[in-house]
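The structures considered in this document are given below.
Presented sequentially are two complexes of chain A, the first with chain B as partner and the second with chain C.
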Partner chain A sequence: MTMNTEEYNFDDITPVPVIDDNDVVLCKIMYTEEFKTVFGYLRALLLKKELSERALYVACRAIELVPAHYTVWEYKLDIVKKLIETENFNLSDELKWCSNTAINNQKNYQIWHYREMIIELIIKKELDGDKSQYDLEKEREIVGTMLEKDEKNYHVWSYKRWFVQYFSLFNDETELEYATKLIQDDIRNNSAWNFRHFLLFGNPEIKTISTDVLSSEINFTIKMIELSITNPSSWNYMKSLYDMSINVNYDVTDIEKIVYKFSADLDISKLDQNIERVSIPAFELLSTIYGTQGLSDKQREIFTLLGERLDPIRKNYWAYKSTLL
Partner chain B sequence: MDGLINVKMHTMCHKRFLSLLPSKYQSEDSNKLAIAYFSLASLQLLNTLETSFTVEERQKFIDFIYSHLITTDEYSGFCGSLIYNKTEESMELAATCFSLQCLLILKDNFKRINRRKILNFVKACQLSNGGFTNGLLSKYVKDLRYVMIATTISRILVKDRSKVGEIIDIPKLYSFILQLQSYDGGFSMYPGDESHCGMVFCAVDSLFNINQINKFNHKLLLDFLTHRQIDFNTFNKPEYDWNEYADMEDIGGFNGRLNKYGDTCYVFWSLASLKLLSLENIVNTEKALDFLLNKTQNFKMGGFNKTTDPDEFPDPMHSFLGLCALSILNHEQVSQLNCQLVIPQLSYEHWLTL
Partner chain C sequence: MSSKLSEINDEAYGIGNITSFDEFSVIRNSITDSTIKIPDFDTLIEMLNGSYDSFSNCDAPLGEKLTGTIEKKMETEVDILTIYEDILNEGSNSFPKLNKKAHISFTHGVIAYPLPAMFSKLDASKTWIAYWLMNSCILLETELSNNEKENASKFLLKILNTNINDNNDQYQGFGGGEYQIFHLAASYAAILTLALAKDQNVWSQIDPIKVKNSLLELKLPNGSFIMHKGGESDTRAVYCALCIAQIFDILDDDITKGVFDWLIECQTYEGGFSGEPGDEAHGGYTFCALAAMFILTSPDKILKSNLNFDNLIKWTVDRQYNLEGGFSGRTNKLVDGCYSHWIGGTCSLIETLINYNSKSKTFIPICDRQKLQNYILCCCQDKFGLRDKPGCSADFYHTNYVLCGLSMCQHYQVYDDKLSVEFAPAFGSIPQKISDSDIIDIKSGNIVSAIDSVFGLPYGYAKDMYSYYHKAYSM
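Now for the complex of A and B:
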């Protein structure tokens, strides 16, 4: 199989054969001819350390075949760095390649780290190091497209987190609206809840918690809980707001009210008749509240209730929690 | 259901993974040594490694693994596949870890290993923030997985746990790991990312390997781990009715993140983390067994599927981690697993003699 195309010629390169099949005695993969050709040439070019357009072409082909190949990404970046110095090479084409590759293979997560590097290069080489000149919409768009396909794609969310951090978008209105929209689309999207938490409380440079933010988040989360009282994602978020409030001595009355509404306010002997008002995570947070209040007997009662009736699959865990009291 | 597994069928499944793989596995080429590790370890857990392959065959496996070893003046490490050039930049921590684990399972004597140079390589991969990259040139891969891999290699090569500090900057690594703990008690890949049960095991195992596991409060962590076990009952019925990621078949199984499907591997990541904390019994072990044996085990091909989706095929990782989970759950047909190095106890005992 030839590597030559209309654009690139490799006649001067002697490919380094991939493997002698007889050497492989474990997990022998039946490589296609394409695979053997591409990697034969990649190996030869890597040994030559050739930084050229045709080498870039081979690197791209190799990445399509084996996204987890761990030296080809560095090689590709080296080629790109060389090409922008010497020729009329456009970094935005590289970004387009990143987007297409990501959309065509959602499991290719290496692409997102590579995209970060390309953005850093663009800012350095084309925008005089001024991040504020960068078009943020382009990034919001690709992340949006990816999350429409899979709203919990871990690596895309990780990239979104990098984006917020790199461009200092903590508390940013557009980002916050996006988080709110995704939560409203699917209140059980824990990735969106986590992103919201990061936006509002994740700035490593700000050590104090704003009570304004706490207050508005408590209100927001109460509304979300009212919409779906058994959803663990919103309750986990509320638990975090509660812990932060206690830490900064912020008023927890509103949190307590919503917790009591779906736990302590109910007649324990008639929970079966009140199922639409029972919330297991509310009882769990109730036990935390009792803990804060120093009411260990009441805490023990809740653990027993959880283990015996509400959440029997975690019976041993709730019993274990009782032993810690 | 008598709760027994068909050992012969699971053995056949792993023997298949170890022999010839179709071209769709090409994209996994760099993870070939991981596949070898998953399946060799599985056969050992099933007590069929030595009946599956002759002494000569196993020696050939050892030689094959050593054919991935690259040694320079300063460093030594393995590469992930023979498609890599034998140059310094092709060494990676992941392949090194899987190779060492394979060698221990195959009862190699490590005579061909240069411990000092491999440890130099590990040391060179630690970053100024305490974390680890996968290789000397690697700019991209630097998440928590490589921390677990680096600490595992160090443990395998440095018997005396108190001396691991000569290779790894432990205080820096400790704070690197702790900053990854999220508000819900789990750990994430990077600070601010979502908690993920696989990352939790990486964190717990790393802390165990560097002897720091008891330094922090486990309360929130235990909450995260135990809540990975899935249940739908009358008191959380809306979660079944309204969550598009809900499946009755998942009851007893574990998910990796909140509101996601159950998955074979998360039974292991959760249980193994709890086992390292000596608390594996605080989950519902009976229901976990039911999930693995009756819902994700592949009855036609052996091995385990990832989820309860009947259209899936078993893959090497889930087939291995399903057995590992059964081992922690004391299944009578699966031998004991050492959760610290994630190798069969028998291989761990071999390690002790080296």
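Now for the complex of A and C:
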């Protein structure tokens, strides 16, 4: 198979064979002819360290075949860095290519890191290093499209977290609304809860917790718990709010009320998981509250209730917790 | 199934005619004397009981909007419920055994033949394929033939020698395949494979100093490591770097500086660890972070550190679902057989820490091994190889990590300070087979090899390779 196209000629390149006769059977892949051609030329160009348009073409072809080929991604970035120095190379096209590649490869480690690098290059080369000139909507859009397909995609969320950090969007209204919308769409989307936590409490620059934020988050989470009383995502978030409140001596009465409502206020002797949905996380936070209040006997009662009746899969854990009292 | 789900509304969502807990008890009692314990069968009955983290096995109203998360969970639950019900209906003799013969022919078979073209997508992960398959062979209590070992050596040497990093006279390491750059995860898999193949001839061709140079090239000022030149930094990269450094006996301050504190930053408010600070707690990253700590320091120092141990334990045990018995990787995500290792391994390390400090004479478990084993045996076995969940096909990755998880079920780890001092903290744990059938009932046909909970290898292999380099280079 030839690598030549109307645009690019490779006659001067001797491809490095992809398979040689001495290869052992272990992990030997029966590559297609297309694969052997593309990677034969890719290897030759890589060894030559050729940073050119035709090399970029081969790198793109290679990534189409093997999206997780990190060596090619790295090579591609080197080529792009070279091309923007010398020619009229459009970095925005590169971002578009990233988006299309991402949509076709949901679970890929390389794409998002590469996108970060391209954005940094755009800001450096085209915006004189001024981040505030960058069009944030473009990024929100691609993340939105990706999360519509898979609302818990780890790589995309990790990229979103980078985006917030890089452009200093902590406490940003648009981002917060996005987090709220995703939680309202699916209250059990834990990635959205985690993102919310990061937006409001993840700024490494801010060391003290705002009681205003605590107060509004406690209210928000209470509403969310009312909508889904067994949801571990909202309860984990509430547990974090409780711990932070205790740390800064903020009033925990509202948290205690919602916890009691779904635990201590119930007729415990009648609780049966086969008949009604009992909120294990509520009882768990109840035990934490008892702990704060120094009521270890009551804590032990809860651990026994959970381990022996309500949460049998974790009976070992609850038994262990009792031994710590 | 999906057509059925769409009919479900908030008030009534019982699926089909699910037999209740009591009915199965009747069936069970008609089969055998109820005073005789049948641990696997009996816990299976328990798993079908209503629980707060399942939606498909009780008549209580859902009480919340049916969302994508619940819908997916219910579909999975129903698949699993059907399997468990069939087993219960057929009686305790129908309880699945580990189909070792089939899995052995799968793993040794794949090693012996070339892979079809569709595996091209894994061209940058070939050292992983070698590790998953060979590790599975040994976990299944078979030996690697001389031919298999030789093939592994030749394959890995070719990757080592076609590495396209600059200055190959000062740096050594593996890429995921031929003509690739040094990659921490690819190197981790390659080195574990070398440990399994035990070919000292190849070991002698790797110079720990050059490996160390490669590792230090990837170290960041914040203490973490990036996967490869220009790549992303995360807890996986840190774990892989530390495993490599430990095995080559090059773990010193240059490598370890700042790592522990960086890992602590990755612990989230939920208690598990994320890939990078700020991301979501995740089973794979949590295992990597905690196992990395076991390489960095001793259990007492881990317990005295800034690690929020209580939150870590709670998040970890929350990963086990009552109905499924298996683990999920994140809050509100589905069960997956591979987390039998990532979360199972984390449980095992947590238990090491708990029992290290405990005055109790008996072992304190924190997860439910019997229920996890039930999930593995009933739901994760494909005709050949092991899998994520019912409806999925077996693959190399899941075959290895489900078997690692099964080994975790069957063993606990005892930490011996003497070993830690003599070798290194990472080598302090010794696996012990569990003989208490109240913790887990292990039928002889289901036994797999004991696992080293830190390295992801059968016990002893990492230490042997480490000892080789320790001897060869300490003179």
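Quick note on the criterion: the second predicted complex is superposed on the first by the 316 of 325 C-alpha atoms of A that agree within 3 Å, B and C clash if a C-alpha of one lies under 4 Å from a C-alpha of the other, contacts with A are read in each partner's own complex, and residues count from 1 in each chain.
Here is the rule we go by: a residue touches a chain if its C-beta (ideal position, glycine included) is under 8 Å from a C-beta of that chain, and two chains touch if they have at least 3 such contacts.
Model, not experiment: these values are computed from the prediction.
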item: Contacts of A:F198 with chain B and chain C, given as first, second, both or neither; value: both
item: First (chain B), second (chain C), both or neither touched by A:D185; value: second
item: Contacts of A:I275 with chain B and chain C, given as first, second, both or neither; value: both
item: First, second, both or neither for A:H69, with chain B first and chain C second; value: both
item: Partner chain in contact with A:L227 - chain B first, chain C second, else both or neither; value: second
item: Partner chain in contact with A:T323 - chain B first, chain C second, else both or neither; value: second
item: First, second, both or neither for A:F10, with chain B first and chain C second; value: neither
item: Intersection of the chain A residues that touch chain B with those that touch chain C; value: 16, 23-32, 35, 39, 43, 46-47, 65-71, 74, 77, 110, 113, 117, 152, 154, 157-158, 161, 165, 186, 188-191, 194, 197-198, 201-202, 204, 228-233, 236-237, 239-240, 243, 272, 275, 278, 280, 310-317, 320
item: Chain B contact footprint on chain A (complex, rising order); value: 16, 18-19, 23-32, 35, 39, 43, 46-47, 65-71, 73-74, 77, 110, 113-114, 117, 152, 154, 157-158, 161-162, 165, 186, 188-191, 194-195, 197-198, 201-202, 204, 228-233, 236-237, 239-240, 243, 271-272, 275, 278, 280, 309-317, 320
item: Chain A residues within the chain C interface of the complex; value: 16, 22-32, 35, 39, 43, 46-47, 65-71, 74, 77, 109-110, 113, 117, 151-152, 154, 157-158, 161, 165, 185-191, 194, 197-198, 201-202, 204, 227-233, 236-237, 239-240, 243, 272-280, 284, 310-317, 320, 323
item: Chain A partner contacts - residues on chain C that touch it in the complex; value: 20-21, 46-47, 49-53, 58-65, 67-70, 111-117, 119-126, 129-130, 148, 150-152, 154-155, 158, 164, 175-177, 179-181, 183, 227-232, 268-270, 275-282, 313-315, 317-318, 320-322, 325, 330-333, 354, 358, 360, 364-368, 371
item: Residues on chain B engaged by chain A in the complex (per definition of touch); value: 17-23, 25-32, 35-36, 39, 57, 60-61, 63-65, 67, 80, 82-85, 87, 89-90, 92, 134-135, 137-141, 182-184, 189-196, 222, 226-227, 229, 231, 233-239, 242-245, 251-252, 257-260, 279, 281-284, 287
